[in-house]
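Have a look at these structures, which come just after this line.
The same subunit A turns up in both complexes below, where it pairs with subunit B and then with subunit C.
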Partner chain A sequence: MIEVKNVTKKFGRKNVLKGVSFTAEKGEITCLIGINGVGKTTIMKAIMALTPIDGGEILIDGEKIRKESYEKITFIPDTITMPPSMKIKDAFLFMADFYGGWNQLRANELLQFFRLNENDRISELSKGNTAKVNLLLGLSLDVDYILMDEPFSGIDIFSREQIAEVFTSHLIEDRGVIITTHEINDIEHLIDKAVLIDNGVVLREFNTEEVREQEGKSVIDVMREVYKG
Partner chain B sequence: MEAKFNNRDPVYVQVIQHFKEQIAKGYFEPGQEIPSRRELANKLKINPNTAQRAYKEMEEQGLIFTEGNLPSRITKDDKLLKRVREELILEAVDTFVHSVRSINVPLSEVLGLVKDQYEKEMKE
Partner chain C sequence: MNRFLKLVHFEFQRFLKLYLVLMGVIILLQFVGVILESQNYLSRVNEHIYKDLMPKEQFIEQFGTYSFLQIAHSFWFMGPIVLSIAALMIYVFFIWYRDWLGKNTFIYRLFMLPTSRLNVYFAKAVVILLFIFGLLAVQLLLIPIENRVLQWMVPNEYFNMLSINEITNIDYLSILYPPTFMEFILYYGGGMIAVFIAFTAILFERSFRLKGIIYGILYTGLSSVIFIAPILINQLLLEDYFFPLEIFFMEVVMGLIVLAGTIWTAHYLLKNKIRV
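This part shows the complex of A and B:
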């Protein structure tokens, strides 16, 4: 389980996170929802210790993040971080060099799943295919937790569907996933938990099936209530 | 197996309903093997935990059964399967009766229309 407890963060005098708390279970898909600029990416970076926090604490399976944790948790940013001159297969080699948990078999499987060619150069890929390679590199690590920043943003509907399909497949297996998004439509049925964020605070954290069962509301219904009510 | 789910009812309930419809239609036969929870999640594009929940519920209701490590199967209990079909028919009739009553249509008029419409659709 990933526990985010009362985390605060300032950029200069601006309070970006004002006491954010939520949990994300292993084997579940947790979705951080909020419009741009509410602190979603900052939360992800804080979990990964890529940005220092000013208060609160973050635990991964009960422990604070340390060097070894990066074999257990990975972050897929919203843009690819590989040098664009690399071919897809060079990126594989790069990942294998840096991560003990690199799983080439899964990478090959994902390559087929996304119908990508390992000899293609990253700089020559379409936006949708670049997003898929980016995702592939993260998903091919044998980690317990995967954080994905806006995996659906700015790509065509068919690529979106294909990526959504990954979530229902064995490629995610029993891992814990946190994704951020500002458009929930495509993935309402895919997520276990929604965490609604606005202005550096968590407005509501809920299990999507529970809300449907107990209140007869869709995720969007709850969002409307919380953000406009 | 294709299904369209709404966003307001629990997905697992909709999955069970979908299975019941397939049973009533005769698409699933008694004792027939059903997809694994992962296959189902993939086919219906739903969360694997939801698929798991639907199977657990159906198992409790006796609609499906699992022996050891074998794939789950549709029950062989004919009475139960018959009841599923009856339940679905009753539900549909209920909804229908409710909506025609709300506009005060006499039964005799409705029955004639139902028969005509049903036959028309059969031909299409």
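This part shows the complex of A and C:
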């Protein structure tokens, strides 16, 4: 379980996070929802210790993040994190060199699934294909938790469908996923838990299935209530 | 350790192409220099001796014989050395900023590797030091070859053959190739500490951005003052009370203190303050 407890953060004088708390379970897809600039990406970076927080605490399976944690949790930012001069296969080699949990079989499988060519240079890929490689590099690590920042933004409809397909496949299976989005439509049916964020606070955290069954509301219905009502 | 060496290898590969180009430029310019400069001298010989019919002895008395000293003081020889130093000084900064700049923010990946972030810091430092020593080694190999070419170019009666030892003792070259072990420790130890301080200053900027530039400058100033404190105190307050050897050992100790402080600060920033 990933526990985000009362996390605060300032950028200059601006409070970006004003006491954010939520949890994300293993085996579930947790979605952080909010418009651009409410701090979703900052939360993910904070979980990965890529940006300092001013207050609160973040625990991964009850522990603070350590260097060994990066074999257990990974982050797929919204841009690819490999030098553009690398070919896809160079990126594979790099990952295999540094991560004990690199799963080359899964990487090959995803390569086929996304119809990518490992001899292509990252700098020469289309936007959609770059996003796919980025996703591929994260998903091919045998980790318990995956954080994905806006995996659907700026990608054509067919690529979106392909990526959405990944979520329902064995590639995600019983891992814990935290995903951010500002357009819920593509993945509403995929997510187990929604965390609605605005202005640096969590407005509501709920189990999508429960709300659907007990209140008969979709995620979008709840969003309307929370953001507009 | 294994991952550390892989990081060193990786960082080395990333600069290798440019580095080899730099080396090529050095070799080319210096050889061109040896040929042009010696031709210049020979044309003077021709002019005075064969046209003005000046006796050889008088010419040598007036203009001197030719040796590597003139080459070492020429633009063609010093230019590439200055260029290398400038290139490596720029790379001290670029080796970090290249990972933050552009769309492909590779620093995310580097900081999410299951290894200490200090390894990234050390790997970058080791690569800089390797590049420095690599260039020094190449220059040291070039000198005897250039000296030999010079010997071919200039007739014996006008040529004064210098030994490698004499050449590396030519003013500024004795800093690049220190004649004593103590000076080696002082110059290269100092240089290495300077690289680490620059790295830590960069991390200050990367952690606190605009404010970090000020922190970085203050940090660099403080480290420098601590480092040269023994010399300052000896000169300004004690009027040369200590022997040079005593000063040397105090400098070594101060250097180690500053180095430890720099590495500890870098570790703290990388762990707690860095922003991607």
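Note that the second predicted complex is superposed on the first by the 229 of 229 C-alpha atoms of A that agree within 3 Å, B and C clash if a C-alpha of one lies under 4 Å from a C-alpha of the other, contacts with A are read in each partner's own complex, and residues count from 1 in each chain.
Definition applied: a contact is a pair of C-beta atoms (placed from the backbone, for glycine too) under 8 Å apart; a residue touches a chain by one contact, two chains touch by 3 or more.
Predicted model, so just to flag it, every value in this text is computed and none were measured.
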item: Partner chain(s) touched by A:Phe98 [first = subunit B, second = subunit C, both, neither]; value: second
item: Which superposed partner A:Glu188 touches (first subunit B, second subunit C, both, neither); value: first
item: Partner chain in contact with A:Leu50 - subunit B first, subunit C second, else both or neither; value: second
item: Which of subunit B and subunit C A:Glu28 touches, first, second, both or neither; value: first
item: Subunit A partner contacts - residues on subunit C that touch it in the complex; value: 3, 6, 10, 14, 102-106, 108-109, 111-117, 207, 271-276
item: Residues of subunit B that touch subunit A when the two form their complex; value: 5-13, 38, 41-42, 44-50, 53
item: For the subunit A and subunit C complex, residues of the former touching the latter; value: 45, 48-52, 67-71, 74-75, 77, 79-84, 94, 97-100, 122
item: Touching residues (chain side subunit A, partner subunit B) in the complex; value: 27-29, 164-165, 167-170, 188-192, 209, 212-213, 216-221
